[in-house]
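Chains: A, B, C, D, E and F, in written order; residue numbering restarts at 1 for each.
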């Protein structure tokens, strides 16, 4: 795996709370998504990034989890962020149970429509777009490459 | 399947030569790519389009077939053409035997580099880009949707 | 005349059918438009390009021949294609019998309006725009210069 | 002739100095360029515009008069200003004694190169570009149409 | 003060930790910056946003605090974010002790240069740009207006 | 003060009429705005520029003087012209008696609205935008820096 200009940090070198948190994600998905290794050398920033992500993406009210990932893929495609399109495209396939939607949004992000949303949902769209404007740039900063596992995830019904 | 504004033409309604030609493609891939149904109502234009495509994409000299498809996917991604990205992404996976390359080029088409090409190969790149500048626009004109089969093609080694 | 990077092909070096075809055009206009000399080294591509052009631009139904050339000039101006603007501007002057229209469309291609067209005419506009998206790029690829004759053609009533 | 939204002012309704000045231009060219009729309702602005134009475009040192007009046509083409392209294209043909140059620059203004200029000539290029950034916008403001005479001027050697 | 579409949250309605945190900022600056009132209705998001901000902007190593604010103002100007330009322009004036720098960067953000930075500083620039790509969008989402106090802060030496 | 590539001209080296004119401005504002020193080496162009400026900006009818300066600041911000934003922002503060408006327009020039204007006022907006399209480019040409005095002017009520 190509090392980033800024180095990759393995879970065992993270502070305890982040090691547990990244470990739980790795156990669930079967591998460590590269984003955590690329941001790990600045634990305070990674921790805040994860907190912000979870507060917004794991929220119970408002948009469904699939809709949230759709906003992520569209934003990432508009910003040409390979890692985010591939990784969140995989999550979108799983959450939407639609194996084609992610590739369609990635191909043409400008076709997503937001008519008829409530104010609470509009905030979700706006805030997710904002968070991934940041996230996409961090992926560009680290020249982040998607883990191989993401490419096939969610494409074939189990 | 959504009917196009301009109608879809089934193979049996095409002139003999085009019916044979499209039929051979359908037999090889197992389904009729939608582009042929969308352009079929203007047989002379479809015939010339196919001739141009074959003269350029099936050429023996110059770029490899995988490299040609890579140029197609990059051009189509720059033009936000969903059909062309998905359909030619599938062909690129098969011709390059690389299940990840198409998604990477689709995510960020600006990263393709052309340094070190011969004049003959430069013509290939220029002419393929030109042909798919036309092809992408025809797909937009007909609001063409990719066949479901394209999404998974070439992702799993046989 | 400046030789293109890819060489210029004279009519006598073309396959029989293309030599006849280009010869007929040259006889009618009094000179060999440079586009044929620039594309001639790839006869199969030139043949398909001419077939596509004729199927679309010589079509009896739908847009008038002058309207088709107007779409060509507008597309070529939006793509900054000197050869296509000058050459098809000349044809537009002749077909529209309006010595000013081509220069106006070339100066500001965004002012062309397409309201009120039938579906058949919309296809013509879309397909002509698509074909010349390709054609403009081929002219850029070959750094094609307009023949001197085009500049004055159709400016003075006979 | 289409009246502008802001009205057209005939020479006889201009203050004496402007009537004389526009009259001299009309006598030389054989017709009243529409720009003077379109700006005439604000004499102080027209006078300053003409003074600025003459101070810059009639200057003896620095760029030649043909080079100055070439900068005008390139700027006007970049700004899609029909009046300025057609009118100053005519003047460029006359001053450069080249019947093709204006159409080439109008088709692709980005190809003009400025390498090797002196500081005095760089000022000329910068100041002419600036003045016609204003002039192009005034032509858009008034929806100015070129006089018919401009289209053919300078195309045929006398 | 104009209420945002999403409502404004006063400090007394925030969870204890955020009330203390925003209170400390308000005491130091003499007023409550509007950003805290606009984001307060989603405490988990505001908390993560503040954590991320502090981890990055209060960092001891790497760029100076003035340099960090300069990156913020340049990013915010490129994104046309009125609140962020005015509020962080004020902080930049105070941290740089230069009453003109903020207005210059706001007027032309593209003139900031980053040559000669260490990798650690490059991360700071990249991460600050990323964070404020998010922050600018949150300000647009809430149509945030700068507090009146920001406009004059740091302009006159004490 | 940084000398411009093209030299700075002091008032005493200007022709009599311009020396008086610039002198009157300097006396009123307490310093010589740098624009006059940067354009002074071409007196005929400076004179016409000043005439055009005064004919448009000192006009009694139509837009108020504050509204005219608002158009100047918005145009200059859209063109990233530091000198014009800072200098005319100062004048806008004085003429509008609003110490915040200039910074708001400079931060986001696209928010200015022109609905409900008369034709005479539309001309003013169009012509001021045109004149400062030229003026902004002259400031870029000379890499003009704002006088220090402009930054604070009009910020504190007398």
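Quick notes on this structure:
FYI, a residue touches a chain if its C-beta (ideal position, glycine included) is under 8 Å from a C-beta of that chain, and two chains touch if they have at least 3 such contacts.
None of the values given here were measured: they were computed from a predicted structure.
Distance from the centre of chain E peaks at C, each centre being the average of the chain's Cα atoms.
The distance from the centre of chain A to the centre of chain E, with each centre set as the mean of the Cα atoms, comes to 25 Å. Here the spacing of chain B and chain E, counted between their Cα centres, is 48 Å.
Chain A and chain B have centres, each the mean of its CA atoms, that are 30 Å apart. Counting partner chains per residue, chain C has no residue touching two or more of them.
With chains as nodes and touching pairs as edges, the resulting graph is a single ring in which every chain has exactly two contacts. From chain D, proceeding by way of chain F and on round the ring, the chains are encountered as D, F, E, A, B, C. Listed in rising order, the residues of chain B touching chain A in the complex are 77, 80-82, 85-86, 89, 99-100, 103-104, 106-108, 110, 146, 148, 151-152, 155-156.
Residues of chain D that touch chain F in their complex: 5-6, 42, 44-45, 47-49, 51-52, 55-56, 119, 123, 126-127, 129-131, 133-135, 137-138, 140-141.
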